[in-house]
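Questions regarding the structure given below will be posed in turn.
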Amino acid sequence: MKLTDDEKRLLDGSEGKLKQKAMEFIVKYAQVLGAEELCQVTKATLFCGAHPYLEVFKSEDIDLIISEMCFCSSEKVILDKMACYCQSCVSPMDPEKWAHLGVSEEEYQKNQEFLRRYLAAGVHLTGTCAPYLVGFIPLMGEHFVTSESSVVLILNSLWGACGNGDGIEAGFCAAVCGRTPLWGNHIMSNRKGTHVFKIESRSASVMDWGLLGYTIGRKLPCHAIPVIDGNFSRPDLHKIKACYAAMAETGGPEMCHIVGITPEAMTLDQACGGKPPRDVMPITEEDLDESLADVSAGGRGEIDFISLGCPHYSIEEIRLVADFLDGKRISSQVELQVWTVYGIKAIADLCGYTEKIRRAGGVLLTSSCPVTHGKIPQGARGMAFDSAKQAHSIAPITSAPVYFGSAEDCLKSALSGKWEGR
Amino acid sequence: MKLTDDEKRLLDGSEGKLKQKAMEFIVKYAQVLGAEELCQVTKATLFCGAHPYLEVFKSEDIDLIISEMCFCSSEKVILDKMACYCQSCVSPMDPEKWAHLGVSEEEYQKNQEFLRRYLAAGVHLTGTCAPYLVGFIPLMGEHFVTSESSVVLILNSLWGACGNGDGIEAGFCAAVCGRTPLWGNHIMSNRKGTHVFKIESRSASVMDWGLLGYTIGRKLPCHAIPVIDGNFSRPDLHKIKACYAAMAETGGPEMCHIVGITPEAMTLDQACGGKPPRDVMPITEEDLDESLADVSAGGRGEIDFISLGCPHYSIEEIRLVADFLDGKRISSQVELQVWTVYGIKAIADLCGYTEKIRRAGGVLLTSSCPVTHGKIPQGARGMAFDSAKQAHSIAPITSAPVYFGSAEDCLKSALSGKWEGR
Amino acid sequence: MTRIILQGRGAIKGIAEGRALVCPETIMGWNGIDAKTGLIIEKGHPLEGACIKGAVLILPGSKGSNGWSMHFHAVKIAQVAPAAMVFTKLDSKAAVASVVLDIPVVTDLEEDPFAFIKTGNWVKVDGNEGIVEITER
Amino acid sequence: MTRIILQGRGAIKGIAEGRALVCPETIMGWNGIDAKTGLIIEKGHPLEGACIKGAVLILPGSKGSNGWSMHFHAVKIAQVAPAAMVFTKLDSKAAVASVVLDIPVVTDLEEDPFAFIKTGNWVKVDGNEGIVEITER
């Protein structure tokens, strides 16, 4: 493997034990992939906080936990400094309204302790799976790492930035030594579409795009790069994030061209790198209906838990909820959560959106989501989401029927306490 | 001119007086340009607030002021609803710390009155010239309007979105009727580079990129589209925004390709649309030094006013300031302002950056800037900025020497009270 | 006394005339014109101190901030607007300013106006026919 | 008793053997494996209820969240890790999981492992030589 002099210094420990451990991991990772060199990582979103998966590691020593779980080092290393621009991804609670979620004081303190470590090392506590909503903007050809699968898809596809799905440990190591294997999506020529999906179905709403993503994820083989083509109506960021989040949930793609919209796919031919695709599949109304039936329980059952904002809502999405709820009152049996980024909630506060939602009986929360905090109500009779991703991830961990629909379907259900969608 | 049925309805008043007035303006604007049709605008940043330029219109009736100054309607129209996703640009004060700026209670109330009108019509009060830091993300080929010249450059060049420089009134009208002339940058084939700048100078720092932008703006003729080529080191968003802001200040470009970085300029040939450029100019060290001499007073004069964050700072830029100032204390004669977006400041609060800046004697402010609020200290002995744009715009309205340097130069000067840059 | 006629495209209809103010480098909006008096205040501008009120502005286009039109708007409200404008070529900022001012505007001339018009010439702008008529005296 | 040998690329060195768990559709990380017990909990997965502890996983790659590796990491800490893994082709998530688990891994086989390996076969994975040896019994 070809290492630069700087990289050799990182590896031989001249830059300290932490960077050495991180570099050892990255070099091993590169070898496993068969990569011949590394590239420079300048932006990272990291999975910070007292996440439940850490509980398997029995220790009270937070540095030991971080050493093992983030850097695969059984020897204790101290996380003192990141090598690039780093933001935190979701943690298991809202930094202010944690008690509302049923988080205990002890859990809160533990989470804070973790977050403070990362903050001290230079990680901004943005707490979001939609980092692009608060200025996480890599340029075309810029190398990033992220702990969130939909972020990989969005930044690769929409902006031509370069990132792989990697994993939590690889993200931390890359952020600390500033390197990742030059492999996969980090090489522009590897990013060509292999499977073309001809849209013949509806594609007008955010919900339609969620189902589109869900469907493409289902149909896509391993190691494939989808291309969205055919008759679709122009999406905006809200539709794209619903689509990509669902797609990354049901499949594994890390790049998804949309012909005429994403910069490496101005034409179908460009998207596929001038080669014939391995497969061309239609996406029909029936496909979308099948996905809907798969992800959402039918009927008009009782609802007592509704969560919106997966991926985290933008200020515009929050306003639509606030405007809908303004002057109304949701059913007393319903817990309505709306999730966003801490900084975006501040703008919602200033604009009065937070208050409109509160007055109607809902709550605007930040820095987490039901899938991440896992504190979903026991014995709920029905749960509803406007995200196909969230509905699909929650279903296996609850015995309640799970419904998926538009934000409006969910809000109407919040008023009536019954599922009002399809 | 070709109008759709919907557009005809907007124009004939079927959708109300406001939309009619707006549509009349847009149609007239299109005719002046010689445009043959309109296109659909889905995102807008608008110049909201009690700005000083409104003072020429003598009236106590805010609706009358808005009618005339935003919609060129001498007849009163009521701004009730926007047609697309709208955010506010800077206003003349911080929404909380306005007193600190010397804004009177009366001025504050008047500004609030304006902002409330826009908010009620659906404009998010983001208050920023860097809207992309809080989720203002149009896609490639998506049509936007904006009141900020650097935003035109950034969204056109970096993301392939489509917008013209227009003007305040055209922005409001477009946001209300959802249309703008299909002309200029809204047509992809019009966006090809005409003037190539071969970088031979330094290009490592944010300051270097500010000077690059300043220099290109100076050298560029009217109606030209610059292409940055040659030997430059890869910029990030911070460098790009410094560069484009300065470029839009000294010149008039609305699109600026950067070869290998911006999506319509993967190659020089693509950037120029396969045609030979009208001119190729080198940018040398001497050019940058000349620009520096132009925008910054030399020497080691006294400094009593320093402002950072033009365009508004990202969370990372704020952290660099907080880290620099941590545990230090700025000179008692210096007023140090750091400007950002309201939502980004909330994250800075959570991360403790705001407090670190405050303890050192500085202040983190939002939703405005010295150029916009105009409340710069009378009788200052020297002012320093880390933005070539800000320095260039402030110079004509003060008799104090104006210095431009890196953020670090400015921060060192904040400590010593003397200019520490070049 | 010579009379020169340049043919272009009428962008805003109407006929007006006045003394030419010729700005080959255009004018800035922000810090370019004083809204209350109509005086050109741009530092180092060749016409610094001249008043645009009632004049015919000869410009290549706009420059600087997206607020270009709003400064002309203020000038109009303060009743110190120019009488007419001639642009070599319109850009979007210049077009918006034209709509806002709503005075005769001609653009896209067959010949370079800067080669024919000098500051102080008497110029008649016919936005209906797209004609600029220059009287040297 | 037949013995089949497949040649591939050794991604992680070492030699280990165990009973094959063949997953042509791979396994999800999140809600796929119970970190404490090593049981496959993915709803509707053909091997739902099987335990990965000491097994040789035969997978085409990864799927779902970027947390794929972290679930295998948890499994390792809980000492219910598989003995070895075979991938048709590595993707980045599968590669990170391999480094994290640090057990013998072979990939890029000359032939399709799903055509030769059935769940329950005894499989020896030699990461040094890139060899997968299958014993049917």
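Letters A, B, C and D mark the chains as written, and numbering starts fresh at 1 in each.
Quick note on the criterion: a contact is a pair of C-beta atoms (placed from the backbone, for glycine too) under 8 Å apart; a residue touches a chain by one contact, two chains touch by 3 or more.
In this text the structure is predicted, and so the values were computed from the model without any measurement.
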item	value
Separation of subunit D from subunit B in steps, with touching chains one step apart	2
Other chains in touch with both subunit B and subunit C	none
Geometric centre distance via CA averages, subunit C-subunit A, whole Å	53
Centroid distance [mean C-alpha coordinates] between subunit D and subunit C, Å	75
Rounded Å distance between subunit A and subunit B, as computed from the means of their C-alpha atoms	30
Chain centre separation (subunit A, subunit D; CA means) in Å	26
Shared interface positions of subunit D, touching two or more other chains	none
Listing of all chain pairs that touch each other, if any do	A-B, A-D, B-C
Touching residues on subunit A, where the partner in the complex is subunit D	25, 28-29, 31-34, 47, 53, 56-57, 68-69, 72, 146-149, 152, 164-171, 183-184, 222-223, 248-249, 251-252, 254, 371, 393, 395-397
Contact set on subunit D toward subunit A in their complex	9, 11-12, 26, 30-31, 35-36, 41-43, 60-71, 73-74, 77-78, 88-93, 95-100, 102, 105
Subunit B-touching residues of subunit A, taken from the complex the two chains share	42, 85, 87, 95, 119, 122, 124-126, 132-135, 137-142, 158-160, 234-237, 240, 260-264, 314-316, 319, 341-347, 350-352
